[in-house]
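Here chain A shows up in two complexes: once beside chain B, once beside chain C.
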Partner chain A sequence: MKRQLLAAVFGGLFTVVVNAAEYNISVDRVQIDTGDFVKEGIGYNGASPGPVLRFKEGEEVTINVTNNLDEMTSIHWHGLILPFEQDGVPGISFPGIKPGETFTYQFPIVQAGTYWFHSHSGFQEPNGAYGAIVIEPEGREPFRYDREYVVQLTDKHPHSGDRIMRNLKMSADYYNRQQQTASDFFAESSKKGFMAALQDRMMWGDMRMMKADIEDVQGFTGLINGKGPEQNWTGLFEPGERIRLRFINSSAMTYFDIRIPGLEMTVVQADGNNVQPVNVDEFRIGVAETYDVIVRIKDEKAYTIFAESMGRSGFARGTLAPEEGMTAEVPELREAPLLTMSDMGGHMDHGDMSDDDMADMNGDDMAGMDHSAMGHDSMDQGDGASMPADPFYAKGSGLIPTASNGGKFLSYADLKAQNPLYEDREPTREIELRLTGNMERYEWSINGTKYEDADPIVLQYGERVRFKFVNETMMTHPMHLHGMWSILDVGEGKWNPLKHVISVAPATTVYMETEVDAPGEWAFHCHLSYHAASGMFRKIVVEGGPDTTMAEGTQNGQQGGES
Partner chain B sequence: MNTILKNALLPAIALAVSSGAFAAGEHSGGHHGGNAVGEPGKAEDVSRTIEVTMRDNYYEPESVNVEPGETIRFHVKNEGSLVHEFNIGTAEMHEAHQEEMQMMVEHGVLKGDQINYEMMEMDMGNGHSMKHDDPNSVLLEPGDNKEIIWTFTEAADLEFACNVPGHYQAGMYGDIEFE
Partner chain C sequence: MSRLTASMCVLALTATALNAPAIAQEDPAKKTQTAKTFWGVSAEKLEYRYSDSDEELAVIEGDAFYGTDELKFRWLFEGEWEEAHNAWETLENQFVAQIPVDDFWDAKGGIRVDTPEGPDRVYGVLGLTGLAPYWFEIDTNLYVSDEGDTSVDFEAEYELLITNYWIMSATFESLVAFSEDREIGVGKGLNSTEVGLRLGYDLLGRSFAPYVGVVHERKYGDTADLAEDSGGSTEDWFAVIGARVMF
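Showing the complex of A and B:
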């Protein structure tokens, strides 16, 4: 125990940078101290988060991963384009890494930007098994900065992942502390009348959902680079400098709304890919997404990095300061949003409401909205000319974000590729994926079928597939396709941005296209840990391509629903 | 955007853009006197030509040296794949101009790789248009090139900058150093 503690302390101080093209990573039991609680967890090289791996575009990396646990493990290189046997998903890419074993990953680095890595076995990732990847590009970047920091967020919970999953299965609202109470009900009935309030409650009851069902798992402490709000991770700067912040959301379940009061941020990358720069006051980072922003600080004072969870049940906090120990004011959490009827959409398949009821509550059919028709014209959707509605939320949704200073909040609609990787072309076909679930039983699925009951999605090498996500649930799902880029349809044609996670808000339809250019077998799932584990997961099989013999070699691998 | 709304909004933009960065500079050129930013130069006064290449999203070179009183021809070419601006001014002037260009983007006059010249040329009445024709600035589509002849009347804190939204913040500016 003493040795492990020491290792954790040492690792915490010197996790910084490993520079060679060969890397050694040990998977270890570690202590995680959030400031609020100390918890046994899993980390890399003796610490959680693990090291920042710094790669260079064009190099070939060799990574030796030694499993010091008494259970199987794996590392998935999130967002990296690589041969599928190197992707690290047990049961799909490879069998996993046994206790005591060292597995050697080897793959070329064919991209640049900010990514991360994590275990794809059981709930090791929520238990602490994650780290950052920074890839330096071959050429000059389309922006400049004087210094940079990784800002890696997580939602550290005092309960282990297994325990959280058991509790959610037992009672889906186990960790939902913001349920509306009887007194909320009476307040509501005095406002809109008893019958209306009652009817409202009954309708939500039929949905097996509640208005406050924005975060499944509350009660966490938000961490930045492993530090809780009181421990206050601090990045130093010299006044006048331009600072690149590489935000990575490594949370199990939590979306964060991020701002640095007093500073404008310029978003220059999303999910590792350069985007045409956008100035924002605040942005929402979905689970497993990354955003790189540049801030320029002219004065000699401290600024707070404030990351509120989307449901406002917790926050992470850090500081940018000219000197160690300087702090700035930490804002209060804003009021928790409530879901609205709009967030129900017209697609709930587990309620027992009649069609009439559905028609009543679904006056604005945003669930079928067509994102390809967006573009600059989407400006018109706003209530006021200066504040256009975000087309990636259902009209009237309770989740539509607003900047705390009344300024600009980043939308997916703002993301445009800086330098498109692929030619724009017509997709060869469309695949509809309905995101489905039964909240009461805490079952999550795609097209109503859980992973273990589902056939793989078969794609042909060389095709361009248009995926249509129809979110029929009232939760937001960050959908992550391994191995190939997700080209998010923001209605900008060739400028549509490349991502590796596509967040789909309740009652919306979102399209993405994928150039099927990577043979083999890949995972495709909701990146909320407990949604993936309870069935919102698919295997993708890419048939054909230059390397077919390898793809066929592993087809009898076991199912791997672990995330 | 529907036509009625568009027509309602355009005069506001026209006013904003034609009041321009150059005018703003005359207010904030400040401590070096009224015209520290300099003035449009005459071809016969040109002492040398500086080639400026626009890329995504930076310039080559990233700084230039001039002497007080010197008249320079800037030959600016856009070798990037996005629209870029080359604008001579103070940091404050650039900041003011960025707000105007943000409006141009929001109203579709300026797209990632295109300028809607037709919309810019439209006569909005009262002699206003959305022309981006201040003498201290050129706005170029990919592949285009233009010249600016500029006289730096006196030493001042000047930058050349691209005020297409986000580009300045991403680092697309350079210093004008006085020798």
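Showing the complex of A and C:
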């Protein structure tokens, strides 16, 4: 009796000190209505997207996840720093959650900002299993706002994830309806001459590659907070307010170019971490990234949030309005971009993607940020040519974004940390990861090896690893490291921003550094659902840690790179 | 003897595929985080043909597969039902194992069983299928029959996108035999060619695409003589109407 009382008292104290919060989430079959179609899917607490989970920095959260499906499930807390057993990747962090079972996640919240959660089992995430996480910081934020909204985007497709994967394997261009046609050819040849047009076609045909290979999975309806363009998600405001919009791209496959015509946006956070404010007219959000922007609205009128897919095959639309029901003009989709020879990097001289050729290309150093030898196809550069080049795209790339109003388009190069989390120090070693694939077979890999044939990448606790991403494919890959921060090298030293997704454009080399401060086993993969499932995935093993002797960790840290 | 050779080829192919890198260590996530096996059912041709000599034919070319990136099992079906004789003029079933040999090319090996009206044949098959530069889809096979006769077929297809939904497909097929097999009307040398032009429209995604087109079939040399002897024609023009289906 006494003991119980004592336990209760201590228990009570404990709660006060740690500030625990408990959440219940059920994983359910749901109907998803996009306005264009209704599709059976998977959601949380009976809806897709699931609830917005609001945590507080410093608290200990307990989340009971009940699986009401007839298949295994899991929840991954995307971008959260937590013990690896809580990371939610079946086969790496834990076995997964069986049908009918409740799994209890428990971890401390050690960060603040905008994140999201999603299933890491099969294609449950594209099928609707995602939701938002908002973490309130312990201290004051370096910016003010009167109101906030989560703006969670996705690319809802009428086909299930399994079917999409199967169709892509049957025919990689199954969903591509932006391919170059005979009429495009005639238009092109009247513009630059028949021979030039023919030569161009022959060059691409010789390599069996497509200029229009930007969005693998077209035919989706873009959703904002679960609402299609016609259903028009609306966030209300009072004129004169500052509104914080927490953009989350929960798409399976789609990058979005986002603008709010008539409003300038101040980017204050990227992937949950505060950045030095940048005013932009438009920004591109990679799959699984988050950007927080603040808009200040003076007028009593409606504004459209317009999110065009990078390949312009679809869009999401929402509205900010003083009153429910008010709308603003919805812009037309801009013309679809086309890849150029610059996006091809090393393929120009090779024409196929075999491992041997990859090795050659490496020597050529054709990919990378200095593309002095590139840009043969200046005709195709479009608007990009007159703009200052974005160092995160190949020079002359067809993917270089421009703001629709001719103004400022956010670049990775603009992102600088507000408050560096880590001391800047020399990396202990560099690991090169070539992003590789075979588009025709729809096989994706790292260093030419698919996950199923690969050994894990072994890191030592306490080291700082510099990752060199060399994109040798023509697709853009949003690379996501679980459990540890990705410090994106924008050339700003200690002000380099912390991210959890690093987007690597075709034929570019991008560096990130990681302070290896989280022991255990972690997932690392391209966040395009069908690329990850096709092999662009690795397990990362962090050896050593606070529990083992540091000496061992440092010693091992001297060893070479990935075998 | 030849049957034995053919099945050994299949075995060899299968063995190569299964011996693929076994270096990777145990990792349960490789199962949970990877989409491994795939399947597909399609009919490239599902059509009715009407010839300039009032011949009517129903033609099916079907394909079903199951497997991984490294090894697929494929069932290929080809049938020509002749209205006048109420009989299968062609009835082929191929069961092959398929493995990648290059970024764009797969090798196939297996057996083909022909059971049309008239004598049956069983063949060993060794083939190559894939995508050639400039987007030509190629499929070519070497057949060795249970009678010891050898032949090679070659198929090429090019798809011209009029728009992203209106698609013109041009096909070429030919058969060359290295020895005569009179019983089934095969002469030595170039046997036949078939050239087709079909204009289709992708009506339901890529699952259902109706088309119309023309097909020209011609027999050559001894094969043509054999066809004439049995009262058949040596050259035909067909109007075709049909659909391409894919599940």
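Everything below uses one rule, namely that the second predicted complex is superposed on the first by the 478 of 563 C-alpha atoms of A that agree within 3 Å, B and C clash if a C-alpha of one lies under 4 Å from a C-alpha of the other, contacts with A are read in each partner's own complex, and residues count from 1 in each chain.
Definition applied: a contact is a pair of C-beta atoms (placed from the backbone, for glycine too) under 8 Å apart; a residue touches a chain by one contact, two chains touch by 3 or more.
All values reported here derive from a predicted model rather than from experimental measurement.
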First, second, both or neither for A:E324, with chain B first and chain C second: neither
Partner contacting more residues of chain A (chain B vs chain C): C
First, second, both or neither for A:M170, with chain B first and chain C second: second
Contacts of A:K539 with chain B and chain C, given as first, second, both or neither: second
Partner chain(s) touched by A:Y451 [first = chain B, second = chain C, both, neither]: second
Touched partner set for A:E335, first chain B, second chain C, both or neither: neither
Contacting residues of chain C [partner chain A, same complex]: 20-21, 23-25, 27-36, 38-40, 42, 69, 100, 102-104, 131, 133-135, 160-165, 205-206, 246
Residues of chain A that touch chain B when the two form their complex: 140, 142-145, 242, 264, 266-268, 276-279, 294, 296, 376-377, 379-380, 385, 416, 418-419, 492, 495
Interfacial residue positions of chain B with respect to chain A in the complex: 1-2, 5, 9, 55-58, 81-82, 106-108, 111-112, 165-167, 169-171
Touching residues (chain side chain A, partner chain C) in the complex: 72, 89-92, 95-96, 120-122, 162, 165-167, 169-171, 174, 177-183, 202, 205-208, 219, 351-354, 438, 440-441, 443, 450-456, 523, 525, 530, 532-535, 537, 539
